[in-house]
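One chain, subunit A, appears in both complexes that follow, with subunit B as partner in the first and subunit C in the second.
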Partner chain A sequence: MMDPGRVMNIRARILASLLWVAAVAQAAPDAQRILAASDAVRNPGRPFSVTVALTEFQDGKRVDSSSMVTYSRTLAQDAQFASLVRFIAPARDTGKLMLKNGQDLWFFDPSTKASVRLSPQQRLLGQASNGDVVTVNLARDYRAGLAAEEDIQDGERKTRRAYKLELDAATDDATYSRIELWVGTENSWPLKGRFFADSGRLLKTVYYRRFASELGTERPTELVIIDGLNPGSVTVMRLSDYASKNIPSSWFQRDYLPRFQPE
Partner chain B sequence: MTSTSKRRWSGIALLLLATSSAAMAADSDADALALKPESATEETPVASKLFVEGADGRADQRYGLGSRTISRATVDFRHSSRLNPSTQATFSARIDSTDPPDPRIDGAVLSLREAYVGWQDEAATRVVEFGRINLREGPGYGYNPTDYFRDHALRTITTVNPFSLRENRLGSVMLRAQRLWPDGSLEVVYSPKLESSPSSDGFSADLGSTNARHRGLISLSNRLSETVNTQLLLYKEASASARVGASLTALVSQAAVAHAEWSYSREPDLLSRALEQSDNPQSRHRLAAGLTYTTGTRLSVTAEYQYNGFALDRGALQSLATDNPSAQVAYLTQSQALQDNAARQAVLVYAVQRDLGLKNLDLTALVKFNRSDSSRMVWLDLRYRLDKIDLALQVQRNTGAAGSEFGSNPIRNSSGVVATFYF
Partner chain C sequence: MIDLSLAIRNLLRNRRRSFATFFALALGTAAILLFGGYRKNIEYTMHTAYVRDGGHLQIQHRDLFLYGSGNPTKYSIAGYEAIISAISRDEVLGKMVTVITPTLQFGGIASNFSAGVSRTVVGLGIVASDRNNMRTWNEFGLPRASPHFALDGAAADAAIVGTGVARVLLLCESLNIDNCPKPEEEQPASGAALPTDIAQLAAREAPRAKAAGGARIELLASSSGGAPNVVSLAIVNAERQGFKELDEIYLMLQLPQAQRLIYGRTSPKVTAIMVQIKHSGQIDEAKERLVGLLEAQARGQSLAVLDFRELNPFFVQTVQLFDTIFGFIFALIASIVLFTVGNTMSTAVMERTVEIGTIRAMGLRRRGVQRLFVVEGMLLGVAGTVSGAVFAILSSALINQMGLTWLPPGSGERLPLLMLVWGETPTIAGTTIGLILIAALSAWLPARRASRMVIVDALRHV
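What follows is the complex of A and B.
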């Protein structure tokens, strides 16, 4: 028979362990909440427009540039952002539109009046898909887990303390199969993301930087997007002219595209 | 070496590899972060688009006509802006000068594509537009049975690429009203008769081509789900039976989109219309159905099946070419004017490869195969895009037996260069 003193000792240890686990569980940050807070830094909580200037570099040399105005809003409570992208440069693409409303993707060219439905793969290969790294509500489409709390080099090449989140696609709308996202522990700023395809291939690495006050909070105004397959291919995305806008929900359907009135 | 030491060395090698990969990634990230974003160009939205285009090449002709130079100069302008928060004005036109010139039109050809004003409410749920409007329906790539305002809409033909061809197309003068809701819209159109016959004056608005009879259209669009869209259409023109049509687009997978377009009507067949015999209307179908697949290597391929119940079948086409060549020429000319298929059955393959081994170098290939007479047309466009200039090399080849659709085209082969300057 076991010594009663020893039994008491074991019970005390078990109790202490349980209390420690409970305390740790309470103290451990909720990954989904961190993700939602980071979404709120990138995305204003109301309909908005932003001008996006993209410059593409190959091995350090500028090879292309384009500009577009993105109009975004959610169409229902807890819904994903829908976006209408209007190209303003280069001149050959002026006036062309790209619509994204979930999996409902359309391209419209005013010179041919053609509305063409796109597959997610088609859109992903174009520059407009880089908008996804800005106006997307990750907390809605991904399940987050806390992988680590660590120091990383941010986009300004400064060392920052960050939560490393592992995101797994949870809905059909999710563009990427998996994402690794680093969020600042201090202020919920998204600092860095690595976006993966179904095959496990790294599609892009994104650094969020140059945080500035836009529409009431500090938001990233510049992104550096590094191609996963070809690290020499880099796109610098500059965000400017954030504006809160009354954007009607009827803009986000195919039949409105030929009716779109530029400002 | 023992198996234990082998394992140890392999472990060390893997560790070194992983460490060096991580170090290389960190280096490339550091290089990327050092790029100067100041070189990014700041652009402001503009309401206009203007380009000029020049083309020069050679054509190898049939019927003993030998080889000759072909050229074209084009100015293309489009402007769209808001007059006030709810009213918009659009103007769009182009001028083409070709050598050889179009024998039906004197001098350079103006295509006044659009000139209209539009009004919409603040919620963008009600839209009214009036003027010359280019109203295009249907998701088909090379053939649009439900695009009821397509006939006689091209003053001159400068390319065989169906997408580029639409850039030349004239709108029709119409009053158009649309009601939109989150998942669809209802559209009503009335287009009046304004003139009786097309104009041969190069600088005419040519309302006789697009507004030669009273026409009306009702269409209902519906988004059934995120992945499926449908459209139902009812079209009627003066002195003709109503036509019904439907179209559908669907996302089949993450990389594939399907489209289908169908129309049913009672009207004279294509040959009767070419010979101006309108006393024997038939009830027939028109159809286009296809699939577009995009690979991860930036290649998009579309295959489309096309059916025109009003076109001649294989036997009738062959006997027409043998027995009445002038009627066959009229038949092919009529199919071009109506933008209707001369083939009872045809297959189109349209492929675009972006960044073909070089950034901004695109290859577009189009093959149209007339299944009724086994003739085919191949068109290639290799295009390099600079900031404000496009440079393209284009090649076209029409092959088939004598008397077939593409075998009777006066041009057997052609090739040329095209330069486009955007302002």
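What follows is the complex of A and C.
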């Protein structure tokens, strides 16, 4: 039988050390953990599908719009997302598929049954280049550092307290050499991201906004992507109809593209 | 000797006919030689242009030439500095070589965002001072040196584009390019307006006003891994490229800038090492030596050495085309000579039938009669071709003095039009001797007929 006073003492010590850990955590939050939490806000942890409506503006006027259903899941071999995109509008593009698996991007046209690999260079411009800011696990490819805790204006022009994270590419697969990401302090919401090229030029700025409850947590349902090189070009991406789905990993094989049947 | 003086006297008996034949021969010879001179001019001009532009030999990845045009950076050479210094240290190659320089070829997208236009380009990263040295190569002594290379001594972010690239990117005005009408104005987009809250967001992101001045473009490219990268370039000059297809994709920039763009985080590489040597005649020797050197130097990489003829099939094809045309013209003129001389000699034989009968009756053998006419034909041939050659040399000298210029096939700049007749001894000797032999041959057939005449019939001929 232990001396009750001693037990109390141990309890007090454990409590104290826990409090101390918490205090330290409060003082210097782990940047990598913040990043992972914001990844979890952007992307559900299980296979899911979502409808994406893209509207493209040039110099303040709408020039193009399209919509598509995206099926995403992480694959066993790495923690990165693979995505299968099925176009549903406009009519001329209906049924066309796009498969992103690791660094490979395949385009499939059902009318010709041909799948074409898009080279990295062919993804430099246009909507293909926007995929890499959406369904991607930043925590896997980037090393995060906490740069500041500051007030910023979010996508709805509200002032919010945010951690400013500096992300540096940690793997060769990383698309951007540097990212600045602002994550809300209270709820790990990603608010704003600035994506930079190797040369230090700003490639795009993304605002995450219109948070709504989807698949169990508050997620952004609208992304405003502003081209850093050509600020007249703005793309608005609306995400809706999040659904948890049992997606087999066989869907993300190139050979599966001709056999793909949407339910 | 008596044959020769008899032949001259016989030729002078009918001066007008002999002169007409002589004139046809001289004109034919001169035409062949002048065209030969023009052919040599094209060959030397193109040879010089290709060697100035890409060197004699290029060290590349084995597959770059055949498979690399879509994605050249996939087939690049690592550790190229070591290879270059090994070549310049080599005692045989070191003496032959004038310039060794690395280049990086890559695909990218050039954009002029302020005008809202972009297009795919093939970028070439080069070492400007080496390129300038390469442009002074002049083994054939062509009169005009290439103009100074605009990138040499220019800023690190300087670039040269083809006039076609400049035109498509709407830079004609700032680069002073002629013949570049403004394109039709596009209809402004009439879609729905951007929601105001988003417009305000975008306005906040508008970059600070750029330092104006000169033509600036943004060049986007991606590493082989797919990471996009972008640099801003100042276009210092637009150079016309010979082919429209090339003119509209051509972009040249400083090598370090290109390497930063493509290899950013990793160690820089190149896609080719160009080697220019002093004398084109040593090209096979240099190639053999290079292959041996590469085997020792770059064990792990499968590299190949290609000469400029393999890299530029257009050059070989053009030379072959002109060789064929030259052969065709030679055959045409040779057959005209054959018939002209043959006709002249046949007429002479006809006219002198009685004479032939007489000298045969006096005891001259058939062979002697034959020789008489063949020497006559040869004499015509020698006189005609030699004066034709002299005429060709003199008139080519005159034409070369006139300072005419022309646009050779596949070239972007006007070059002097030269007729390189003098100094091309094999062509002159071959043409002259060939035509003399043909003249002798065409005299031989009538001569044979003359020698076979029956003496009695010949004497009775009216």
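Please note the rule applied: the second predicted complex is superposed on the first by the 229 of 263 C-alpha atoms of A that agree within 3 Å, B and C clash if a C-alpha of one lies under 4 Å from a C-alpha of the other, contacts with A are read in each partner's own complex, and residues count from 1 in each chain.
Please note the rule applied: a contact is a pair of C-beta atoms (placed from the backbone, for glycine too) under 8 Å apart; a residue touches a chain by one contact, two chains touch by 3 or more.
Because the structure is a prediction, the values reported are computed rather than measured.
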| field | Overlay on subunit A: subunit C relative to subunit B, clash or fit | value | clash
| said: By the touch definition at the top of the document, which applies to A:261: first (subunit B), second (subunit C), both, or neither? | reply: first
| query | Looking at the overlay, does A:40 come into contact with subunit B only (first), subunit C only (second), both, or neither? | reply | neither
| Looking at the overlay, does A:174 come into contact with subunit B only (first), subunit C only (second), both, or neither? | second
| said: By residue count, which of the two partners contacts subunit A more extensively, subunit B or subunit C? | reply: B
| query | Given the touch rule stated above, what does A:228 touch, subunit B (first), subunit C (second), both, or neither? | reply | second
| request: Considering only touches as defined above, state whether A:58 meets subunit B (first), subunit C (second), both or neither. | output: both
| After lining up the shared chain so the two structures overlap, which partner does A:113 touch, if you call subunit B first and subunit C second: first, second, both or neither? | first
| query | Of the stretches 9-17, 27-35, 45-53 or 189-197, which one of subunit B hits subunit C? | reply | 27-35
| Residues of subunit A at both interfaces, subunit B in one complex, subunit C in the other | 57-58, 60, 62-63, 103, 119-121, 125, 153, 155-157, 205, 207, 224, 226, 231-232, 234, 236
| Can you name the residues of subunit A that touch subunit B in the complex? | 53-58, 60, 62-65, 67, 69, 75, 86, 88-92, 94-95, 101-105, 110-122, 125, 153, 155-157, 205, 207, 209, 222, 224, 226, 231-232, 234, 236, 238, 240, 246, 248-256, 259, 261-263
| field | Footprint of subunit A on subunit C - complex, ascending | value | 70-71, 107-109, 111, 113, 116, 118, 120, 188-195, 197-202, 204-207, 218, 220-232, 260-261, 264-266
| note | subunit A contacts subunit C in the complex at 57-63, 103, 119-121, 123-125, 129, 153, 155-157, 169, 172-177, 197-199, 201-203, 205, 207, 224, 226, 228-232, 234, 236
| task | Can you check the complex and tell me which residues of subunit B touch subunit A? | result | 25-26, 28-33, 35, 37, 39-49, 51, 76, 78, 80-82, 88, 92, 118, 120, 122-125, 127, 134-136, 139, 163-164, 166-167, 169, 178, 180-185, 187, 221, 223, 226-227, 229, 249, 251, 253-257, 259, 292, 294-296, 298, 300, 354, 359-360, 385, 387-388, 390, 420, 422-423
